[in-house]
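In what comes next, subunit A is part of two complexes: it sits with subunit B in the first one and with subunit C in the second one.
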Partner chain A sequence: MDLGFVIVSAVTLACIYGTLAIGISITWSSLGLINMAYGLTFATAGYGAWLVGDQLQAIDAISDTTWIVGPIVILAGILTGAACGVVICAVTFIPIHDKPNFTVRGLIASLAVSLIGTQVLLQVFGPRAKSLPPLFGDWELPIGNVVITADKGGAMISSIVLLALALRWMKSSRRGLEIRAMMMNPHAASLVGIGVRRTGFYVMALTGALAGLASVLLSQTYYISPFSGLTPLIKGLSVALLGGLGSVNGAIVAAVILGTNEALTSALLGGQYALITQFLLIIIVLLFRPRGIAGILDKAREA
Partner chain B sequence: MSKTYWNAPVASSEPQGPILEIKGLSAGYGPMRVIHDLDLVVRPGERLGVVGLNGHGKSTLFLAIAGLTGWQRGSIKLNGREVGGSRSQGPGRYTHLIVRQGLAVMPQGDEIFHGLTVEEHLDSGAFTPRAWRERAPRKERILAIFPPLRKLMKVPVGRLSGGERRMVSIGRGLMVDAALFLVDEPSLGLAPKIGKGVMEALMAIELGSSAMIIAEQNVALLEGRVDRILGMHVGTLKGEASTSLASQTKRDL
Partner chain C sequence: MSEIWKNPLAPWRGDAEPQEAPSEAYSDPGEVWRAKRQSHTKLYKVGRLRYYHKWRGHGAKTWTRTRYWPTRRRVLDIRGEYNPKILRREKTIVDKRPIWWLLSFIAIAVAPFLAPKDLQSTLISAGTVFLIYAAINLCWTLILGTAGIFSLATMAVVGAAAYGAASMSVFYGWPWWTLPFVGGGIGFVFGVVIALPATRLDGFYYALLTLGLNELCRVYVVQSRTFGSATGGVYGADSFIPTGASQRVELIIGYFASFALMLSALALFRFVNGKRLGRILRMAPEKREAFAQAVGIDYRTARIQVFIISSVGLGVIGGFYASYFHGASPSLFSFDSVLLGLAMLVIGGLGKAEGAVLGTFIVIVIDKVFLQLGPIRLILVGAIMLGVVLLLKNGLFGIKHQFRDWRDKKKSENRSTRAEKGGEMLPEEATEAGDKDLIYAQRFDKMQRDYLKGVVSEKLVEEHARNPLGQHSEPLERLLLYFRRQPQVDKYAIAVIEPFKAYRIVALSGHRGVAPRVVEEKTYPSEREAYHGVFLRRVQDLLES
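So, the complex of A and B:
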């Protein structure tokens, strides 16, 4: 077993899963919505990035310059994700958010949107998988006997930087304060002039953008297909559950744990066992901490 | 909705209509009706006490003004603008708009964000663009009213004592120029001395042409210090006395 390779894979996976899980976690705690359409956002953002990447490939002058193509494609993915999040918010959150039993209704509504959207993607783009151009060039960074390849290094750096920016924005700006206030007490939030619906759009745009980022990064390794959102949704949800729904810090810790687990399993047992060990691990942790790792530290929304 | 409204009550000196005018308000939750055809007029500069037992609708009256009850009907005019109307569901849907008309609610109990620090809490109260720009001097002003908060600015509110939380809650309400302050049981659950201190601070706030309604169970804390005292009994207002007469007036409670 190559320990260096395992570590690099673990950190890369942790970055990508963490990005997804934080999105799911923020949506749940601020809107009370378990966003089953998050996988759809993921897939749509992948297609958005692919469309833009395809157009750029056609322009001869810049088709080989990664430092131009890469950021544009990433940005396209993020923007498509944000737009898709806004649409999902308008369809599943706005009409029913103040009706009784919103938690279950929202779950079902977003699941329905997800199923419809996946079929639309299938109809428009066809079942063939697409691949993005390499976004981070072709370099290798040897640290000791560990080699960090371009796609992994780029994924790590861009997800950490963009996540840090997003979390910093949530810490320092008025909008971020509104989102955090709504995560803690939606009832009191309206008393300080925070509109639930408007904040809903901000939250869904932000989390959609995070899904878009994760989608672009993961598509350096995997392909984009209409159903490519399903696995990330499951992974993101399970990381968010393990970390404690509603806790950003918990999601980061859980992403590191599950990323390590997945990389170790792939190296020791084989990739096909990754989901089995992952859920065993989640079950064991939840037996001891039913609210997840940080579920008691951060008092999240009561389910 | 006009964006200048929250400054208007403080600046204008011309005689104006009532700050709050409630006509025929009924409100409740589900099948339960808590407030029955209530009428109330509050004029600028007035400090009004509402006294009554638990479960007689004081808090519900405040929640109804903020649009947070399960359902309500009747007219509520804040600064001459209708914010009430009939509504059968959707509590809180329009609350942020009503609040932006110049309403500051300082709720009882734990309507508070546990994880936010005291400073972030005060920031969250500054929801108009102008208040957000001026939030530093405004926070200073509130620290002058509640000096104990100065040391606690970086502490999460969930770790504060009851009295300190009440100070934060009131301070949050003071971050914008509200036309109407609704203070729900400021002394509830506090040691008598601290409760008295919170009440002193409320009385020290200069109202200008805005108004304040204080709901309280302890009439002694209000007597002699508010302009009017109303009794609340099973969802209706009973009796009215100017404060100097409050202890002698025979009230229909």
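So, the complex of A and C:
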């Protein structure tokens, strides 16, 4: 087995799953909502990107110029993801966020939304998988004996760049400050005049956009189908769990650890054992640190 | 009221008194009473009171309560009481749930024979699936509700047990009656393994972890060659259904076997939730564990025990599943089946046996009976689930409680908006008052003053000026009686300054030894005018109150 290839693909996957995990983490820590409809956002964003890509392919003038098609398709995926996140927020967060037992009800409501949305996607687009046009052109970058292909390199670079932009926005802007305040202490945030519902929409749009980005990037390797969101959801959740729900840095560390684990397991034991070793790893870490790598017991959000 | 005054003394004094006399028109004192009695808040007749049917009690013979072995419990929770209004004993069935359970058992037992001929096979197999899933959900309810462990790995346990049992039967030829035991063993092992992290992890970390475990099982089974990645599952297990039987007999045997399975799951629920373990855990709800621990309750062990017991139950169901379906398929582990199971629990209401069964029934009816709807079925299930979660606190069986809470809230809101005060006591004053008779006395006084204010008129004052003493018309007489009945404190009286020449109005102090105070300087030349002056003052005070 080519170790270089495995490492490259693992790092790519780690970038993408890290993006998802950060979205899940932010949603949980600021809204107290475990967004199980994240997989639905993922699949919907893929379809949005596919629709736009399909339209662009029909236009002869630009159908071959990757540097025009690629960014437009990525943007379409991100926007669809954000829109989907806003819809999910309006359905599952706004009506019940101040009701008793919100955490369980929010979880179940987002599961219900996911069930409905997936079936609607199945009805509208049919069960056949769709694939996106190549977004990053056709080039190869040999580093030593490792070859980084266009889709992987592009995915890595664009996820890191866009994620860094999103985190920068959260650090520097007024809205980002509101979101971070909500993450630290939602009650105090609402006391000092930060609107819970409005911030909810911002958070869900941001995390939806992250899911959309991940979706477009992952669709370079896998296909878009109504049920394609499940595996990324599970992976994102595992990374977020391992990193500690609510911590961005923890999620990044966890993504790297799980990516390495996956690469090593695939190389040494075989691909079908990847999930098993991954869960063993998570269970072991959680047994020692019940709130993940970064989550410290007292500082994590109380459900 | 009429303008004719009827003399109440006429029957006793014969012709000496007039039978009747003309009187002023005046309003009925009953009107104030009726207006007062009318509630200002809108009344909803349905559901304001908890309605219990009262059964006739026993007469002379002693009331024997049936208790069933081996407990000392009664079949029905019946309260006996004596009704002093009808002078009889009455019985009230406080908890009617056993009756509903019994009726639904009868319905389930009779249902396969009443199904229409053309749909019989669909309906009976849907019924079998309903009963198996009801059993699974009852065990799951134990984990989610009683133990309070938010585990989503239920279908993983069932599926693992089904796979294990099916492969024992397929590869080693074990007979069908061993399969539930094999399943139970696998369930035990799985339960212990899954329960380990539950001791450390918080609710949601655990939920996500178990969801991942479920996915892990699915991926493993789909990829594994021994478990039929090519054939789509392990098939060919031995079944309790005899091979030579007709299709109808097969279906009915399967149906009643599943019914027995559901009944035993109910018994398990009853024995775990209703007995020591369940009571311990009811002491230690989420976020109040510290209190339970402080009073010496080992809630962790109890939770793990319940979890492992339910896992064994789930394993047995898995073995039964393998035996009934002749094998197991990866669809057991699919995300959709976890979702549908959760939908069943949520629709009925978490933590209640009746909720688990009703939710299962609703979802299975939509999913397996309305097949012609196609993929809309799942959307429908999702929509019901979403509606239930958004609108209800705890599923369909929580509606009653939620409605009562809401009604009590509205009641207390209405009570607190009432702020009128006219000699009456406000609710918070009334609770403080030592002598509760005062509340009623003041309320009656207020009503009487309300009435008398309406009675006062020019004509009445004229009548009094004409003749302060003696027989008056009824309204004037009511007015004067009220004035006379007032307490001594500040009651008006007439002081004679010079007999037959000068009179003055004073107010009594009401206390021995304290002289009356002079109210006004004006003197009245005659007793009659002084009487009328007192009357006018009292009327003025009444109208001002």
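In this section, the second predicted complex is superposed on the first by the 300 of 303 C-alpha atoms of A that agree within 3 Å, B and C clash if a C-alpha of one lies under 4 Å from a C-alpha of the other, contacts with A are read in each partner's own complex, and residues count from 1 in each chain.
One rule holds in what follows: a residue touches a chain if its C-beta (ideal position, glycine included) is under 8 Å from a C-beta of that chain, and two chains touch if they have at least 3 such contacts.
What you are looking at is a predicted structure, and each value in this text was computed from that prediction instead of being measured.
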Three-chain arrangement built on subunit A, subunit B and subunit C clash or fit: fit
Touching partner for A:H187 - first (subunit B), second (subunit C), both, neither: first
Partner chain in contact with A:R174 - subunit B first, subunit C second, else both or neither: first
Centroid geometry (CA): angle subunit B/subunit A/subunit C, rounded to a multiple of 10 degrees: 60
First, second, both or neither for A:I276, with subunit B first and subunit C second: second
Which superposed partner A:D98 touches (first subunit B, second subunit C, both, neither): first
Subunit B versus subunit C as contact partner of A:L107, first or second or both or neither: second
Partner chain(s) touched by A:G195 [first = subunit B, second = subunit C, both, neither]: first
Residue contacts with subunit A in the superposition, subunit B compared against subunit C: C
Lowest inter-chain C-alpha distance for subunit C and subunit B in the superposed arrangement, angstrom: 8
Common interface residues of subunit A - those touching subunit B in one complex and subunit C in the other: 99-100
Residues of subunit C touching subunit A in the complex: 150, 196-197, 200-205, 207-209, 211-213, 215-216, 219-220, 223-224, 335-336, 339, 342-343, 346, 350, 375-376, 378-379, 381-383, 385-386, 389-390, 393
Complex contact set, residues of subunit A against subunit C: 28, 34, 91, 95-96, 99-101, 103-105, 107-109, 111-116, 119-120, 122-123, 230-231, 234, 237-238, 240-241, 245, 272, 275-276, 279, 282-283, 286-287, 290-292, 303
Subunit A residues within the subunit B interface of the complex: 98-100, 174, 177-178, 180-181, 184-197, 298-299
Touch list for subunit B against partner subunit A, complex: 66, 68, 89-93, 95-97, 99-100, 105, 107, 111-116, 120, 123-125, 127-128, 132, 158, 172, 176
